[in-house]
Every structure is written in C-alpha cells, then in structure tokens.
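Naming follows writing order (A, B and C), and every chain is counted from residue 1.
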Amino acid sequence: DDIRAFAKELVEKEIERHAADGLGMVDYALASGGAVVVEHSEPYMYPKGTPWYKLKNQNGVHPDAQKMLEPSFGEPGRCFPLKGNNGFVTIILRSPIIPEAVTLEHVAKSVAYDRSSAPKDCRISGWFQGPDAAAAGAQSRQGEKKFLLSEFVYDLDKSNAQTFKVESTDAGIVNMIRLDFASNHGGPHTCIYRLRVHGHEPDSVALSKLES
Amino acid sequence: DDIRAFAKELVEKEIERHAADGLGMVDYALASGGAVVVEHSEPYMYPKGTPWYKLKNQNGVHPDAQKMLEPSFGEPGRCFPLKGNNGFVTIILRSPIIPEAVTLEHVAKSVAYDRSSAPKDCRISGWFQGPDAAAAGAQSRQGEKKFLLSEFVYDLDKSNAQTFKVESTDAGIVNMIRLDFASNHGGPHTCIYRLRVHGHEPDSVALSKLES
Amino acid sequence: DDIRAFAKELVEKEIERHAADGLGMVDYALASGGAVVVEHSEPYMYPKGTPWYKLKNQNGVHPDAQKMLEPSFGEPGRCFPLKGNNGFVTIILRSPIIPEAVTLEHVAKSVAYDRSSAPKDCRISGWFQGPDAAAAGAQSRQGEKKFLLSEFVYDLDKSNAQTFKVESTDAGIVNMIRLDFASNHGGPHTCIYRLRVHGHEPDSVALSKLES
C-alpha cells in the first residue's frame, strides 16, 4: 500500500510538471508572456521561397522568429532555422530579472527526421537595456557591456530540453539575452526550437535604482 | 510483479487522461466544439494598445475572448484579461445539455509570473435560450430566468484546473452559461484562462418539448 | 527501493513518449515537417457556411484539410470532416520513405461528443511519384500503380491512436499515400483527426535509381 501511494503521487507529480510547460519552471523568454525576438543572424530560407529582405519586419526580424519563444509540442519543424552552423539570436525578456538558468530545446530524438541542425557550442549573455533604448528599436548596440551567463554544449544524447545554470552573479538584473552558437551537429543550417530564461524578479527598489 | 503491473496500468491511465484535454471529461464549452463567447464585462487593455471599442466584433465581443474556451497548454498569457477585480462572461454552449459540473482553470503555480489575477469568489448560472434568440445576437436579455448552478471559491493552493459539481437540478436543460466573479486574488485585473462545462445531452423528446 | 526506481523510470519514459508527439515515432506525414494533402473526397460543409467550391485552393483542396496532418491535442473538432460514410484522402509525404506502419487517430472516447463519425473499414495505399509530377500539381493520376500497404478496421474500443504495420514490402520507396475508408461508425459524415506514416529514409543510391 505504501508503494501504491508512492507510485500514485509520483505519477501525478510528474504529469503535473509535464503539463506545466514541460519543466514546471517560470520562463521569462516566453512569447505569450511578452518576450520578443529583436535581432538574429541570417535566417535559412527554403528553396523557392520569398526573399528574406521582403519578409523582414521593421526591426529586421523574420516573422517566424518568435517560434523560438513558443512551445514545440513534440513536433519537428516548430523551430526557426538560421543559415550556416554559427549565428546568434537576441531577445528582450518580458520583464527585468536576476537570471538563474537557461534552457535550450531541440526536437526529441524519437520523432526527429534529422538532428544535424541542432546547435552545439553555445554561449548565453545578458545585460540591462533601459526603457528608452528598449522602446526605440531594441537592437543590441555596440559598446553595451554584455555579461557571460553560461557557456555549454548541447548534447544529443541527453534529454531534448537541456537546462544550464547561470554560474556568475556579475550580470545583476538583465532584460536582454543573447544566444551565440559557434557550431552545430553537422548540418548546413541550424534550427533553434526554443530558448527559455529562468530566474526571479528583483524587488522594486533594486529595479528603480537601475532605471534611474 | 503485481506492483509492476499496477504501476504500468496507473501510468498509462493517468497519461491517457492527461492527453484527453487534461481531465478526460467532455467539455460543451470548448471553442473547437462550437461554443462561443457572446458577452463579457469590460476587457483589460494593455497600455498603448488599440482602443477597445475599435476591436469589438459585431456582437460586442473582443476577438481574443474565445481564448477562454481553448486549451492553455501550460502557458502564462493564454487567457482573456478583464478589467478590475469583478466582472462576467456569458457563453453559448455547443449544444443544449443537462449540466453536471464546471471547471475553472488558471495558469499553474510553477510557471506563473503572478497569480494575483486569478478569479476568487465565483458564481455560475445557466439557462436555456431558444434558437431564435440564440441566432439573433445571443446577448443575455433582461428578464430571462437564470438558474444558479454553482457558487465557489477558486483556491490558489489547489490544482490549477478546479472542477465544481452542479448541486441543483432546477435548471434542467441549458445552452447558456454565465460566470460572474465578485473578487480576485488581489490584482488590478482578472484573467480567465479557461471555463469548461460538463454534463450530458438530453434525449430528443425532452429537447423538442423545450424548443416548442 | 528497486520498485521505486522501476516506477520512476517507467513514469519518465512514458511521459517522454507522450511528450514526443504521443507515440515517439517519426511521422513523415506531419504538416510541420513538410507533408501536404493533395486530394480528398467531397468535404462535409456545416450548414450556412461558404459553399465548398469557393473555398478550394488551386489544387482543389480545402484550406482545413491540413488538419489531418497536425496534432489534435485531445480536442474534439480538430479534424477534417468528409461527406458521407466513405471517401478518401491523398497526401504527399515530406520525403520518400520505405513505409513500415501507419497510424489513424480519432478523438479520445472520454472527451468526444459523438464518435459515429470515426472511419471504420480502411485501406492504405502507397506509391512513388517523380519530382516532376509532384511539382506539377500532385493529384493522383490514373494508371499509376498503387501498392496496398495495409487494410484494417478502426476499433472504437481500443486506444484512440491506432498503429498498423505495413505487411508487404512490394511498394518499395513511396512518397504518396492514400487512405480510402469504405465505412464509418454510423454517422452522416466522417471525421479524420490525423493520419501518420512511419518508416525509414532510403539510402541515396536507392533513391537516385528511382528518380532517374
């Protein structure tokens, strides 16, 4: 009976976590929460498609780029493809946070056609951009100090959503996040299924100091 | 071995229920099943957005109101926000039913940015509106007799999808449901993630009497 | 402790499979992977809707037909309805494969309003259509040799996603799949929630022989 109670509780807890966006962790980079992709390296365009420059929105971002900030539902193709085996993505979070971890997700092995497009060597940076700059177009500007939050390798043999802790607290409060990938798993282009950013919101005193 | 068989069966059953829209209960208020939001109190508009009166469709309903009749997939933001800490929503079900229970859902604690927008003191009413009235615009009319189906408190410490039984059978067959919330959990606006209505379809004799 | 470890592993494995598009099997008929519906029998049109001939796209396909190649998320209504109790659907896969199994899915019993629209006696055929024909409009042409891949009955008492093995290897490499249903479970129209096609990609030598 003890065992049965244990099994029941375990199953319920694990399904609850799965139902809670897969990880049960707050994601400040979620599109439906207000996060936005503000910049990215050249997208990979399928043959015979509309030319890239015609698809750009006013910020120079591809209309499909937001897919990186949305759930993938176990479906291959629910990603944003970037040209080549290296590139970057910059996002503005839904609100300023003290970052604790990031999650990079690719499609699960069991349903993937090909995982050579998965990113491999990755770096995550973060910084704070004042409300004026953020409102004015939000591209990352030269000269801004970016803090390294995490450096990791996305491993095809592990779970498809891989979470990496932020080791340093140097960054303090951030609202901008940039993912740079220097390599992928062998393909001619690189697909980003989803990037999540975890952490906690600063108290209002700390935030008002930063913004003043 | 008995235990292993028990565990396997338990896991399969619980995942099956989860895959069946989370609860494994028929929902007559589901948008993809044909239910429609026909009226609601003033929506909460984000700063700098389009003014509300410009967004109204011909029935006076916000285009995003249907989100209350759709799955939320564990994502904060997949809801419809109403102004203030009290308000209401009226829906027409996909078909007339004898109501047995309602489910009110908010976002799960583990992924929420803030749950002060969850409704608290709630009342669910139901009534039958003949096909002519329903076709003609479907706003709830004064003078129509509404039956109280359930009165409850949405509790932040329980599971995020909370089901409440309909205690009385006075209402008989209904195709209209109204949720009134008199308070929320402390926020300046109130978000409704999803409202479901459970029950069974009446036999055709009972239904034809009602409609004649 | 052994039991606990067993339970934990079981739960994680089953949730991982559920998260991997429900079955943890690659689906070459998935819309987000590039598969497309190219032909179908007459759709079932809801009363008072736009007439069917006005909705046809240039290939004679209804804009909602792609729903058959997308996840259903346990929601009744996320399907494509065809007129009557018999009909067919033809699709072009994302890439040529050696087919091993097909999965036909209807809505789960626990959330269904009515399952009389489920298909019953089914046949799956497959064949290869060269790139020229595929590009030129992709309707199935008379005289093309179609191979029978599977013949089965969709059973309302089993799991809602039912997988059937391809028994014969006669077909070889295929990129076209046709589902014919000769009966349904009693309703006036037939809903196809989802059709999946499983298999493996041929080596490039085999493929280039076929295409030359």
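Here is the rule we use: contacts are C-beta pairs under 8 Å (C-beta built on N, C-alpha and C of every residue); 3 or more make two chains touch, one makes a residue touch a chain.
These figures come from a predicted structure and were not determined experimentally.
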Quick one: compare the interface residues of subunit A with those of subunit B and tell me same or different, with half as the dividing line.
different
The assertion on subunit B/subunit C checks that the Cα superposition rotation, as a multiple of 5 degrees, is 120
Whole-Å gap between the CA centroids of subunit A and subunit B
32
Which parts of subunit B, given as residue numbers and ranges, touch two or more other chains?
3, 7, 11, 15, 18, 22, 73
Would you mind writing out the residues of subunit A in touch with subunit C in their complex?
3, 6-7, 10-11, 14-15, 18, 22, 73-78, 108, 110-113, 159
Taking the touch rule as given, give the residues of subunit C at its contact with subunit A in the complex, in rising order.
3-4, 7-8, 11-12, 15-22, 24-28, 30, 32-34, 71, 73, 94-95, 201
